[in-house]
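Below are the structure tokens for one structure; questions will follow.
So that you can tell them apart, the chains are marked A, B, C and D in the order they are listed, and the count of residues begins at 1 in each.
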Amino acid sequence: MIVMKPTATDEQVQAVIERIESVGAQAHPSRGEEVTVIGAIGDREHVARLGLEGHEGVEKVVPILKPYKLASTQLKGEARTVLEIGGRRIGGDHFALIAGPCTVETRDQTLDTADAMLAAGATMFRGGAYKPRTSPYAFQGLGQEGLRLLAEAKERTGLPIVTELMDARDIEAVAEVADVIQIGARNMQNYPLLSEIGRSGIPVLIKRGLSSTLEELIMAAEYVLKEGNEAVMLCERGIRTFETAYRFTLDLTAIPVLKEMTHLPVVVDPSHAAGRRALVEPLSLAAAAAGADGIIVECHPEPDEAICDGPQQLRVDGFAEYAAKVEQAAILGGKLPFGATAAAARA
Amino acid sequence: MIVMKPTATDEQVQAVIERIESVGAQAHPSRGEEVTVIGAIGDREHVARLGLEGHEGVEKVVPILKPYKLASTQLKGEARTVLEIGGRRIGGDHFALIAGPCTVETRDQTLDTADAMLAAGATMFRGGAYKPRTSPYAFQGLGQEGLRLLAEAKERTGLPIVTELMDARDIEAVAEVADVIQIGARNMQNYPLLSEIGRSGIPVLIKRGLSSTLEELIMAAEYVLKEGNEAVMLCERGIRTFETAYRFTLDLTAIPVLKEMTHLPVVVDPSHAAGRRALVEPLSLAAAAAGADGIIVECHPEPDEAICDGPQQLRVDGFAEYAAKVEQAAILGGKLPFGATAAAARA
Amino acid sequence: MIVMKPTATDEQVQAVIERIESVGAQAHPSRGEEVTVIGAIGDREHVARLGLEGHEGVEKVVPILKPYKLASTQLKGEARTVLEIGGRRIGGDHFALIAGPCTVETRDQTLDTADAMLAAGATMFRGGAYKPRTSPYAFQGLGQEGLRLLAEAKERTGLPIVTELMDARDIEAVAEVADVIQIGARNMQNYPLLSEIGRSGIPVLIKRGLSSTLEELIMAAEYVLKEGNEAVMLCERGIRTFETAYRFTLDLTAIPVLKEMTHLPVVVDPSHAAGRRALVEPLSLAAAAAGADGIIVECHPEPDEAICDGPQQLRVDGFAEYAAKVEQAAILGGKLPFGATAAAARA
Amino acid sequence: MIVMKPTATDEQVQAVIERIESVGAQAHPSRGEEVTVIGAIGDREHVARLGLEGHEGVEKVVPILKPYKLASTQLKGEARTVLEIGGRRIGGDHFALIAGPCTVETRDQTLDTADAMLAAGATMFRGGAYKPRTSPYAFQGLGQEGLRLLAEAKERTGLPIVTELMDARDIEAVAEVADVIQIGARNMQNYPLLSEIGRSGIPVLIKRGLSSTLEELIMAAEYVLKEGNEAVMLCERGIRTFETAYRFTLDLTAIPVLKEMTHLPVVVDPSHAAGRRALVEPLSLAAAAAGADGIIVECHPEPDEAICDGPQQLRVDGFAEYAAKVEQAAILGGKLPFGATAAAARA
């Protein structure tokens, strides 16, 4: 849809029409009292390439069609994608509570947390072996040794493993243990990495970049989907705003809007957004009540001793109560129970 | 707290110390291996006026004390302010559901909505008589006639009235009908208006500016509190970000953080943030679950015919179900029931 | 322009067409392969009020016409507004250097600065008598006494006076001395104040709000223009972003874009954006080179002793060199010399 | 620097002191009338890992030392880094005009543009062979064939080549032709890629992420510097804000501030920020006048036919005039002439 300037001449309008027709598309001009608007109908990519924004007499170009296809709700006639990962479901009526430490540090810390998460009703286990750090001088994760500990936690608890991949050259090692590969916010537009994961077929959770629009997040998913990998989850983790009272501003409006735009499950990470433990529970309840398909949250047996992000990690003590409350909020948000209250009753 | 540059000379450090002492404050220098830091202890305003940011050898000035006093949680030893307005409470354990049309349009529209809000368990009635509009060509509200209709709605339902004041010269007329004066986001830093309301003693709900920090919002409250008016509510209504898929980004992290910073009730407006009806319920549930003290929401008998903001107004039909769900979320967020479920049962 | 959802039914398309026609506008549907788009042609306000965003089957509503009229470049057939204020011109080929202290503090400070500004080739004198302060505990300006000192500076130097108005109730007092009324960023959307200034006929400089779009800034100008006051200048003064290394992010792209959108002069305030003296010169040169019609800058004889914003005020010593450089940049940006180099030569 | 809450108990203060001392650092408490502040002096990394933000009684942790070392101005005692690349200098008094097409499309387009850039006085040639595209369906660059054409342009004109690397697995191929590797905004925090370039020793130009702080941009440089590669340039290319009238908001305040923080050359990309040709010249002049060490700009013989980003590319016709104006602005910003005016005279 091309909006001409009010001062555009007939020649300029005609030139735009000819340019549209030159790529085999059809031009549909409507002349209003003040401006002329020209619809361009034809192959989406051809039209996108016309580059008419700079053309003489053109005021602006308004794209009408969405740039994503495979992630779109239209594709499935409004049906939601439900993923089954290691026997746990996420999407549609199913809520996933993905919990574990920020970073895999030691065997005890890893296994103790995994046991506690299982007991509290968490449905997947998260833990970082490769850590993207702003500073090259900071701890960069245990790497291969971390993956080994995650494998042990999985064998012991049966919980599917969610862990981050930063470098396409590590994909084989990570694929051996990960049930879900996490793409961090900083890598949301690392297209070679996304394509590689697309080809691997491993389920992936893509975190929204710090200032990425929802459309860009969905386009990142599209890179994976295009390679034939349909197991994609989107994750809101806080965006950057002017506010300095907290690290990031968790954007919960993204939950209902992403669910309108796409059929993919929508997960929320309240830990990184908040940066402080006291904010994690209210934000988790808010996310679940707003209809999130899952929460990915950090938890540590002794957060004060954690190597990284200690202040934002929940304590293992008290996690079961937290999980039960999240379950209530998820039910209010339209989900089936996921077992936290039942787990608490067993304990 | 003044942080000196690593290259600061002894003379520069000494000059800063002398400047601090010149206003009667005490200087406490600590010399580290790389930098020297100087604490300035004394009268807050004197120290604030030192203007040391530009001084030679100074790297940065880090304020340690908060700039607000009367709004601070410290003032009340962690107790929460509970306001009683026309027999309805807000703050502490008490949740308020403030509902009504964006704009007062006609007698029927106003009274029908007021009746429906009362029946559904809303605790206050909102409606605009003076409307701040981006365009001078848009409808600016019914003014005095709108106030008269609000007075009639109040007499009929007993619901306290929340309505906006834009111009200090209208305060007497608005004060005759308003139980709560609303200060819109665009007027959050209209200091003469805030001071005038402070002197009036009328309860006030202050909306956060589109890009105001929480500290600035609290400073706006401080302008009212300083005049002796303690009946102040803070309202999150969405901030401006880069995202274009919705009008504003509702910042729900503000709820727990404002409650840490201040003893004042915290209200959320999901309607203006979302801009679309379908998003209002999930955001309302999220806000209540996160611990908000109240929600202010727009509702209209025939939103498609509304003069302004029709697409974001809830329908009167279905409002009772919405209110009952919000009540459940508020209970999850730690509040007492406010009567919506009971109202639904009566109906 | 209404874009329907790909899933919209014929009935939904028809309902939208009928709704458009119900307000006397014409509907022009174009059916594409994937979506239907409906143009609505008719009275701008009627169409704006349709509120079709929430209508069933509607994907989005894209406004085609600009919401401003009197400020638009179209109004004048591409001619630029040139204002003549107290014998000095701004707009078109004419560049204005508006300089003076943040706040009027004392007679000596005011008159000494005014003398120096005149000598250096500044074309107008700025100074605040009423100061909007985030904190109610901070110095709020000298008020009436400040206005009296500005009047004395004007009598002495002949420089036109630019000073801020915060409260419509002060307009008569301010009008006695001000050649240009400044509307601060926080009052950019204080519509009663804008309309009052519109009716006064006094030239006005409107600062962009901290997170206002250019369109909103122009709409603020439209409130003044609508009352018949054509002497409006727009001022970019920094917007709020996530960056914490400086107070505001000066948006210099606003200069060429505002000049495309509107015929009004565009001024830049580098002082408030930067917050630090060292940044003021590079930002001033950048603004002038980008084509700004003027710069409004703060200058003080002894910034270290200033009551407010000392660190960002230029020193009177050195101002003449600064002014001469700004003049060179303005010439590069397409302006005529404004006299700074000539003034330096005289000195 | 740890700021305790006003309500912190002596035990809480003592606990923080002990925690600081437990990692071998020294604690320096200062007890003010309202709050206690504790300085922590010792190994930077040990202190950073303490994670005291969440500790009981702690209000906030204020880092005093900068997290970067090798990029810091302190490292070089205020001297500026001057890079010599293929006989052209950048940094200090030396300005670089880096110009060429967004994307390498054909042999003619590449060589014609390179010839024109050389003739107009540009000092380096840019062109993309690997293009990061938001959409997986968009043209992704010519890859190896594009590199071959760049090599031909270099051989012919002698201009050093600047081209983007997206995937560490392509580094050898890119290194064969690139004199400067460009890291795009989306890869600014792709740490494995940055480290790889660090090890390669090839000069690198790092673009600031869309919502990255200056400190984060410098930390990205630190990843390269840490590996022993000192040839790093920083590039401002526009940040994401709420404004919708242009693609990105070019942050020119970043120029003087980055030059205060670091000794590395600072380059500005006006093309991607603006998104429209008409804005490129004013923004280029502004950047040069503000003291940028270089500009990287897009230019195409027939922008209307360009495969990507046509509307923002300057025309080859007229480029010499543009370059001469940029040279004047750079001189105003403190640089030596770089040859554009001389080139124009020769032509």
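Some notes on this structure:
The rule is short, and it goes like this: contacts are C-beta pairs under 8 Å (C-beta built on N, C-alpha and C of every residue); 3 or more make two chains touch, one makes a residue touch a chain.
Chains and their UniProt names: A, B, C, D = 3-deoxy-7-phosphoheptulonate synthase.
For clarity, every value in this text was computed on a predicted model and none was experimentally measured.
Between A-C and B-C, more C-beta contact pairs join the chains of B-C.
Taking each chain's centre as the mean of its C-alpha atoms, chain A lies 31 Å from chain B.
Chain A and chain C have centres, each the mean of its CA atoms, that are 39 Å apart. Chain B and chain C, compared by their mean Cα positions, are separated by 27 Å. Shared interface positions of chain D, defined as residues touching 2 or more other chains, are 211, 239-242, 244.
Taken as a contact graph, the chains are fully connected, with every chain touching every other chain. Interface residues of chain D, counted against chain A in their complex, comprise 19, 44-45, 48-49, 51-55, 67, 132-139, 166-169, 186-187, 189-192, 195, 209-211, 216, 219, 222-223, 226, 239-240, 275-277, 303-304, 306-312.
On the side of chain C, the complex with chain D involves touching residues 211, 213-215, 239, 241-246, 249-253, 255-257, 260-261, 273-274, 278-279, 282-283, 285-291, 325, 328-329, 332-333.
On the side of chain C, the complex with chain A involves touching residues 1, 3, 6-7, 28, 30, 32-35, 37, 39, 41, 62, 64-65, 74, 211, 240-242, 244.
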